[in-house]
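In the two assemblies presented below, chain A is common to both, partnered first by chain B and then by chain C.
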Partner chain A sequence: MPKLSRSDWYDLARDMNWTFGYVNEADVFPEELSGTGRVPPEAWLAWDEPYKISYREYVHNQVTKDTTTYSLKNAVGRSKLFDQLDPGWKSVVVAHYGAIAMPEYLASFGEARMGRFGRAAAWRNTATFGTLDEVRHGQIQTFFPYGLLGKEPRGDWALKAFHTNNWITLAVRHLFDDMFVANDALSVAIQLTFTLETGFTNLQFLGMAADAIDVGDLEFGSLISSIQTDEARHAQQGEPTIKVLIDNGHKEYGQFLVDHMFWRAWRAFALLTGLSMDYYTPLDSRKMSFKEFIQDWVVKQFADQFRDYGLDFPWYWDEFINELDWYHHAIHTVVWNYRPSVWWNSDAGVSPKERQWLEEKYPGWNRAFGKHWDVLTENVRTGNLAETFPETLPVACNLCQLPIVRAAGVLAGAHTDPAPLRHVHNGRVYQFCSEPCRWIFTRRPERFAGHKSITDRLWTGDINPPNIGGVLAYMGLSEAEHGVDADNYAWANGKH
Partner chain B sequence: MALLPLSGTFLGDVTTVGVVVDDEDTAEAVGQKIAHHAVGRRVAARTAPIRVRLGGRVLDPDEIIGRTGVSPYDHVEVFFDE
Partner chain C sequence: MSDWHDVATLDDLWEGDVAEVAVGPDTILLAHLPGRQVRAYQGICPHSEYSLAGGDLDGDVLTCTGHLWEFDLRTGEGVNPSNCRLYEYPVRLSGEQIAVSVPTDGRPHYNRCRG
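The block that comes next holds the complex of A and B.
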């Protein structure tokens, strides 16, 4: 019997809906889990995913991708390719696994929530594939670093990081809890799949895979490519969701969700991708600066695609564009200074040639940031390494959980006052790195008020002893796991 | 004698640090405690005196921090007086 073509059965099979007779709408789609109640149920029937796939096709595609990726891993695992990689690139890979592997698995919770509580059958169908994608991404990105353990024991931070109170983990976990672990289906679609995946990661994964191949890391390049193609598919859930929301008169709420998460995504990107692109990736392999990447890809994408749906630029757009020049440079200085507190080896990336590149890409870098590295370099050269390590914590933002670096904003001409921004809620003082972080907090304080930043934990006695040794132990780092300078200070001694 | 958590920024540094001082400390001592985490580490050392600004007012070096109206978690700015 000839098989029906997909187009003959797809919509019918996909749109599995029925009228509730024994329960009411709110029982099946409770608002706190679904978040779709602003739009009438029948309006959700307009939800349609641009790229369609059947379960048979999905499984076929995934098996093919897994076969290719795992075969390549087996071949590369027997070679010395990883040993030959630039130390800075190894840091990119180890940082990535610790920060991203577990969130990919946790993203399956968000996808599953859309798969159950998305108000359109088509949406639930697409999200079911998304759930399987994210389970796969969690598994493959813990399995690959497991293969590195003989060469890089901190590959196990792919699994371990999210079970610690490391300060980077606190920031990433706070972000992803907000974005998809503790979020309703509608907000997951707009904040995870539309804002983060369509806006940032889908593009970043393309660039990252290309960079990996360029530096000779075929294994990581193949892995990231295999993930990116899944992302490109399940990221589509955001577009029809925002379209239904806007078509039914709720642009303002969609804009709020985008504004909220675009800023948070930017903060995470500045930390992870900003440092990777401008400091860790070997100079010869840098195709563009982080700022150019954001301008050419993220900004253009937002302008072209998000605005097609009638969305405006977020209200803090000027501040975001301004930060491209300085924010991640400040964060890099802090991360390198606090290098024992991260699970990868921080690459200073400030050899004379690299400083020249930074000044060329970011005119004024030497004036604003080079002077700190002059002091750090002098301490390294004179053997005064103790002065290059911290003895207390920076004050962390109560929203993004990253160090407050408004002082660097003053040096870059972006701010006039280095003081953290404040907000008092129920008698507790909260401190913020920026107006958008404070705005996100104050719009829904009950969502964030119970959390303590790493600095709060030090101040309120959660960390004992309350010194840097106690802090490192609290963060889950044994001495053997402390990050060190990736190049063993060659950059400071003119050997780079 | 009570512990007083403060956030402090040494002007010219990249970040704000958390410190715990004694509320009987002088402004001079508070300034030195914050400078310890920045000067000679990320900010070049100078011979100029170090001053503390709280709420827009530069404190007298002998002023007792606990009697300045400061509250826990307040921010102080520290700088070379040149």
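The block that comes next holds the complex of A and C.
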């Protein structure tokens, strides 16, 4: 039989469309689940994914990837490779698994929702592969850290983190519930695949895989590249979706969805990638600073996308660019101060050499943040470890759920007032870290109003006793699981 | 304006082979296709910047190892996705010598496609 080329059969095999005779459009594609109703059904036929794949090819590729990655894991698992890794890098890996493995699995819900409620057959087809991708990513990123359990008892936080009320989990869960667990198909395409995956994670995974190889973590490096190849394929759902939306006169709505999620993605990135790149990754293996990464990759990518689709930069663009200089440094300080409350060992990353690097990459770092670390260093040197643990808890933002660090913003010259921003909704006061977080909340308060931040839980008596011990227990951390300084304070004694 | 550069000989690049060469800031993919046809394209994948010389060449079609995008190296056109073509440099063969013409316009010679 002659072999047909893909273009001869692909559309026919993919486009399962028909006209409904017995049911209404709205019953098949309820707006809450589909979100595509602004655009007439026929217009969605223009949806086309650039990279085509058949089920047979998909399965073949995935089997090849799994075989390679799992056999590498087996080989590495028998070696001493993990023991020899830099302690800060181990923190990158342990933090990553806890924060990312379950969200990848949950992303399969969002993909499956597009696979059912996407308004074009081509879209549903691509999303079906995306669903399988995300199930795979959830499983492989739970399985690999379980293999580390003998060496790293918190490897099981890959599964456990999302079943606790740890404060990092609250932030990540709030974000991903908003982005894909409780989001309609159209918004998932624009917010998960266009804004987060195309805009941030595809680029970050490339960098992370390269760093992993550089520090000698072959297992993590091969895992991350094997995931990134899937992400790059299913992330392509975003562009055709935003194109159909804009071609049909709904640019403003597309812009709103992008603006909403770009800020949230930035917040999560500052927390996870910012700390990893600028503090946890060993100095010798840092190819660029977090700020350079965001400027050279994320900003450039978004500038291209905005230009191609006639979108504008989000209204808070200046505030975002401004935060590149200070926000993640402030969050790092909080995470380190409260190191027992996270499931990885926080790496201070402020040895004399590292401080020099920070000042070089972020002129003014010493003035805004160095002073605080001077005090901590002194306390460690004089054996006053107790002094390095704060006694009160920071206030969490009612949108991003991260600590409000405006005081550090004042030190860095970005804000004039350290007070949280406020908004009253149905008699309840909500507090925010930034104008964009408040804006996201107030545009759709009913979406967010019922959620309690960790601070709210403390104040309303959900956490008992309302002190540090009670909080740590509430967060699901047994004493053996408390994070400690990754380098056992070597940085304070000028060693590293 | 552009300059011709000797970059390789047919001894270095057998039929069915691809190779990467650098001319100034340009990274260039050379391909020797069936029938003594030599082509030169951007060396870095327009998708996510993997090196195309690491890809698999099957007949005229090169598959990038990054995310399996396919390019027809006879024409530079994308096969999958089809909306993405490679930047092409003119090639001259004199005897065994392969020369490539690189524009001296100070601009990047490089297409980029997202996906």
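Some points to look at:
Assume the second predicted complex is superposed on the first by the 493 of 496 C-alpha atoms of A that agree within 3 Å, B and C clash if a C-alpha of one lies under 4 Å from a C-alpha of the other, contacts with A are read in each partner's own complex, and residues count from 1 in each chain.
Here is the rule we use: contacts are C-beta pairs under 8 Å (C-beta built on N, C-alpha and C of every residue); 3 or more make two chains touch, one makes a residue touch a chain.
For clarity, every value in this text was computed on a predicted model and none was experimentally measured.
Once chain A of one complex is fitted onto chain A of the other, the partner contacts of A:Asn337 are limited to chain B, with no touch recorded for chain C. After overlaying the two complexes on the shared chain, residue contacts for A:Glu239 are found with chain C alone; chain B is out of touch. Applying the stated contact rule after C-alpha superposition, one finds that A:Asn61 touches chain C and leaves chain B untouched. Set against each other, chain B and chain C differ in how many residues of chain A they touch, and the higher count belongs to B. By the touch criterion defined above, A:Arg447 reaches neither chain B nor chain C. Shared-chain residue A:Tyr51: touches chain C; no touch with chain B.
Note for the complex: chain B touches chain A at residues 5, 7, 9-20, 36-37, 40-44, 71-73, 75, 77.
Listing the residues of chain A that touch chain B in their complex gives 330, 333-334, 337, 369, 371-372, 374-376, 379, 387-388, 390-395, 403-408, 410-411, 418-420, 429, 431, 455, 458-459, 466. Looking at the complex, you find that chain A touches chain C at residues 6-7, 50-52, 61, 198, 202, 206, 229, 232-233, 235-236, 239, 301, 304-305. By the touch criterion stated above, chain C contacts chain A in their complex at residues 47-48, 66-69, 80-84, 112-115.
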